[in-house]
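In the two complexes below, subunit A is the common chain; its partner is subunit B in one and subunit C in the other.
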Partner chain A sequence: MDKKARIYMVDDDTYLVQVVQWVFEAEGYEFFSAHCAKDALENVDKVNPDLIILDVMMEDVVAGFRVLNALRNGEDAARNARYAKVPILMFTSIQQRTKMKFSQDAGTALLPTDAFVEKPVQPKLLLEKVAELLSKR
Partner chain B sequence: MERKKQAPEALARPVRPWARPFLSVRWTLFTVLALLTLGGGGMSIFLGYNLTSEAVIGEAQRRVELDIMSAWASYRHELDRVSLVVKLVSQTQKTHDLLTRNVVDRDWARSRVEDFRRQYGLDVLTIVSPDGKIVLRTRFPYRSGDNVYSDPVVQRALKGQSSAGTVLIPAEVLDIEGQFLRDQAFMEFKETPMAAQTNKTVETDGMMLKAAEPVFDSSNHVIGLVYGGVLLNRNYSIPDGIRETIFKNEKYKGKTLGTVTIFQGDLRIATNVLNQNGTRAIGTRVSKIVRDQTLENGLPYYDRAFVVNDWYLTAYDPIRDPDDRVIGILYVGILEQKFIDYKTKLTQSFVGLMGIGVLIALVVALSFAVWLSAPIKRLTMVAHELSDGNFKARVHLGREMFKEIRRLNLTFNQMADTVVHRGDELARMNAQLERSNQELTQLNENYMDMLQFVTHELKSPLASTTFSLAAIKHGYFGAVSPEQLKVIDSVEKNVEYLNEMILNYLNLARIERGELDFTPERFAIRTEVIDPMLEQVRRQLEAADMTLECDVPSGVQVEGEATLLKIVIDNLLSNAIKYGKKGSKVTIHYELRKDGMHRFRVHNEGRGIPEEDIRKLFKKFSRLAVSELRAKKGTGLGLFITHAIIQKHGGRIWVESKEGDWTEFVFELPPKMPKHLATETPTLEVGEATEPL
Partner chain C sequence: MTRETGVDSVRGSHHRVVNHFFHDFHGEISTIIMCIGAVRDGIGGEISPPQRETLERAIDNCEQMVRLINNYRDRTQMEEGTYPRVPEEVDLSEAMRQLAVATQPFARERNVKLEIRGDGLPKVRFRAALLGRVLENLLLQVIENTPARAGVEVQARIAERKLEVRVRFEGEELDEEQAPSVFDPVRQATLGLRLGRGYTLLFCKEAISYLGGDIRITPWKGRGNELVARVAFEEQGGNETAEATDATR
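Then we have the complex of A and B:
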């Protein structure tokens, strides 16, 4: 890493966030976090992340999607444009529960996400995926 | 339970196919009665006909036999008359005078005797002297002086005896006896069918009723004799008289009913049998069979016979001369037609009466059959009604005629009561069962909801635990000693197991709730399903020191739901790794079947699965029973879920294994998913294999 990338993790599982933070900081990332969609949307501009790790089920079952849509398909076009360039990685176990099929393709209108990582995950895998997304940027 | 289920079926199955009944009680009963009636009627008609014929014809024949006796009486009466006339003449003074003295005026005396002869209808009346010389003939040309001593009748009279009988008179004697007698006797033969063969063509002799009386003087010496006679040839007064006496000239259909004939030999010489042209049938002859019986054998012939034109019931008696030689036949016959008609009429009326009787009997038989079978029919109708769902249907009691039927009806009603009662009970129990089933389903649903909630809630902490453990292991939080690493590995494995279990429970919940519905899509199974899974199990493989080979071409397209098929591949691969031999190879082999099915074989080397375990494999909570393998921990749900998913795709899955050597899970997917499957909830029974293995 030539430059310290800023990772913003949004997840209601504070223990997980804590461990992930340790791992990412150990790898030299700058790490920020939020525990609900509301917090995330309020603070995301202040954090100005290079990459967002986003959980789906938080205060309600689609909180993550709400965040995602607010960032990329929101009312503020400038904001949409800005976050279109920030990779968003969905980090979730939702696929086991719903019948919804997620597109793995970035930029789709419905779920404009860049990658999916299924919980649980090995730290190594998550790090790899993050590095990959950042290098594509 | 099983036995009860089969019992009615066993009853309904025909035990002996040929014994399937096709007769009805009613028609059988009627048929039997009808056959009896018809048989009896037929027999009666047959017997009646025969008896009637016997009676009528036999009676007629007997009458003819009586008639011939009457005929004989008349015939003898005629002979007696001749005798009487002869006797009268023999006792007159004039005869005495003629035989004793020659002083009598011969011409006067002759004319007086001739008058007498004519008066009494005799053809000849002759006075003979004791030496056989003719003293006087009373018929022109009144020849006398010739000797007739050789005549047996004359000889007997000269010995002082009266004598009478039928005799044959030769033609030359007829000539001598008087004028016309020969002409009266002369007869040409007429062609007669059935008569005996003969060379003769004419008959010149005559046949005569002849009587002779001796004439005695005062001292009782025979001084001569008188004989007289009636020539029978062409003498119709005798047969006509007999007929008059017997038959009163009765006619039948224009024909004379009775006929009488006198035969000379076999020749009809005096008769009232008529030819076709209505003339008397003289000159014809009797049939050979009668001739043989009477003339040859001297016996009477009583039977039906064909006489000239018609069939007659007849009696032929031989006529004998005083020397007992058969010289002719006396015949009496009655037209058979009358009796045949009578018989026919009698038979007809008998048959008619019999027919009416039989008809009445048949009607009675039919009513009887209907009446007798009616209670059975009533019972059947009630049984039908009952089986059609009218549970109130019962047989009316109290109208039965027979003990058996009453008992049957009673039993039937009791049975109906029992059946209806049982049915009600069954319905009640069924409703109860349904209720508790619903409750159970509700309970199960609630349970599944809870299960899903719990497992999901478990997932989150497990996710962070996994992550944390891995982070520690990889030294993010400082160096880890080998002892610590061992502990971490152990904890990691347990967490992994927990995670897998939760995953399976989640899938199970989806299956149980029927949430497997999806819209099938076509995709490349290699890139969409297998490769991501290979990626996922890479670490597991490495940990087990195993390698994996996969020859599924990337062009293979299947139809279905990738996420679900991922679960299948995940389960099978996890299994293969879990139960595989350390350091061995796992292979996924692809094969396109001839029927278009995509076949996948997931193969691993290892202990294999015992035969008896293979059946249990796909059950919900089965876990391979090998204790050593149990240490590797499986939830037992994985294969059940796999099976359900494959089934949902219209495919099938089974296991092949060689114990102690290898195991192979084989599944097939159809080229195109059957339409109905994707939206149908598979009916999976808890704890039951759903596919025969």
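Then we have the complex of A and C:
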């Protein structure tokens, strides 16, 4: 497992973020967080994450997708190239809510993400998914 | 306000409340499951096997709550006619493998021998998410109410242009006349029937009916009971069977 990797979690549920931070720090990861799309985009370069865990429905129902597209399909080509190499894991219940099927396999140009994990999830599964994505870098 | 617009307004408000509740619930329960899971995994310090077992049970309960609210939301959408009806391509054999992945851990925890057979099934067009949810609910209920060390067999096949899922489970044989009451939460409780919990089996029955199918339960003579669910699907490149079309109009 890639210990000491820098995890950046973007989620408006502050209690959930706190518990995930507890879980990841116990495993030796460095953990940073933001609670809305605007803060996430303002601070992401400073955090310099190795992996991003991103909620979808925050200040609006597609805030997470906006962050995703700003990082990978934005106007700044250098930034796009940089974040193409940082795994982005969507951590969301939007599939349950909308019944729309989101997948990193289909329409990657539209939703250029590396993985979807449905909430709720047990910590072990989230840790395993993060480790898997980090190992593929 | 006419009576009709009043009723529409109440329905619309109900829909909004359910959606809002559904979203908020997932947030709260995610935090609770993450917390309990972290303690169970020893992140806060060593815990004893009985403590771990208790926390496992707490997570099971949380996951059951998630299924209940998902079912309630689906049930509301079916009633309102807003449940998404677009079928997607489903590999039925893969769907059965996914069912095994979703249910085997619980069977192991309950010490129930679970066997799921569904190889060689075709790819069809189907409302896959609902089918998966129904089968998972159904099977978890069966496992929960099957005695330890007893067996549960699931066999899926195509019969008369329908997917037939046969769930046989060992245990106390239900009285033939009373058995259908397992789908009625009130009668189930009144009769003291041991299969099912609250509204879950009723949801399964209604969802299967919504999918253009039916479900029945009969004694598995001398061994336990058998649930047989049949649901219609759309063949690849073909038309949905008449039953499914009628049920979703």
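Rule of thumb we're sticking to: the second predicted complex is superposed on the first by the 131 of 137 C-alpha atoms of A that agree within 3 Å, B and C clash if a C-alpha of one lies under 4 Å from a C-alpha of the other, contacts with A are read in each partner's own complex, and residues count from 1 in each chain.
By definition in this document, a contact is a pair of C-beta atoms (placed from the backbone, for glycine too) under 8 Å apart; a residue touches a chain by one contact, two chains touch by 3 or more.
All values derive from a computational prediction rather than experimental measurement.
A.B. asks: Identify whether subunit B and subunit C fit side by side or clash on subunit A in the overlaid structures.
C.D. replies: clash
A.B. asks: Please indicate which partner A:L41 is in contact with in the superposed arrangement: first for subunit B, second for subunit C, both, or neither.
C.D. replies: Neither: A:L41 stays clear of subunit B and subunit C.
A.B. asks: Identify the partner contact of A:V62: answer first if only subunit B is touched, second if only subunit C is, both if each is, neither if none is.
C.D. replies: In the superposition, A:V62 contacts neither subunit B nor subunit C.
A.B. asks: Taking the contacts subunit A makes with subunit B in one complex and with subunit C in the other, which residues are shared?
C.D. replies: Subunit A residues touching both partners: 13, 15-16, 19-20, 22-23, 26, 93, 96-97, 99, 101, 119-124, 126.
A.B. asks: Can you tell me which positions in subunit A touch subunit B when the two form their complex?
C.D. replies: 13, 15-16, 19-20, 22-23, 26, 93, 95-97, 99, 101, 119-124, 126
A.B. asks: Under the definition above, what is the set of subunit C residues touching subunit A in their complex?
C.D. replies: 19, 22-23, 26-27, 29-35, 37-38, 41, 43, 59, 62-63, 66, 70, 83-84, 88, 129
A.B. asks: Within their complex, state which residues of subunit B touch subunit A.
C.D. replies: Checking each residue of subunit B against subunit A gives 452, 456, 459-468, 470-471, 474, 476-477, 499, 503, 506-507, 515, 517-518, 539, 562-563.
A.B. asks: For the complex, give me every residue of subunit A touching subunit C.
C.D. replies: By the definition above, subunit A touches subunit C via 13, 15-16, 19-20, 22-23, 26, 57, 93, 96-97, 99, 101, 119-124, 126.
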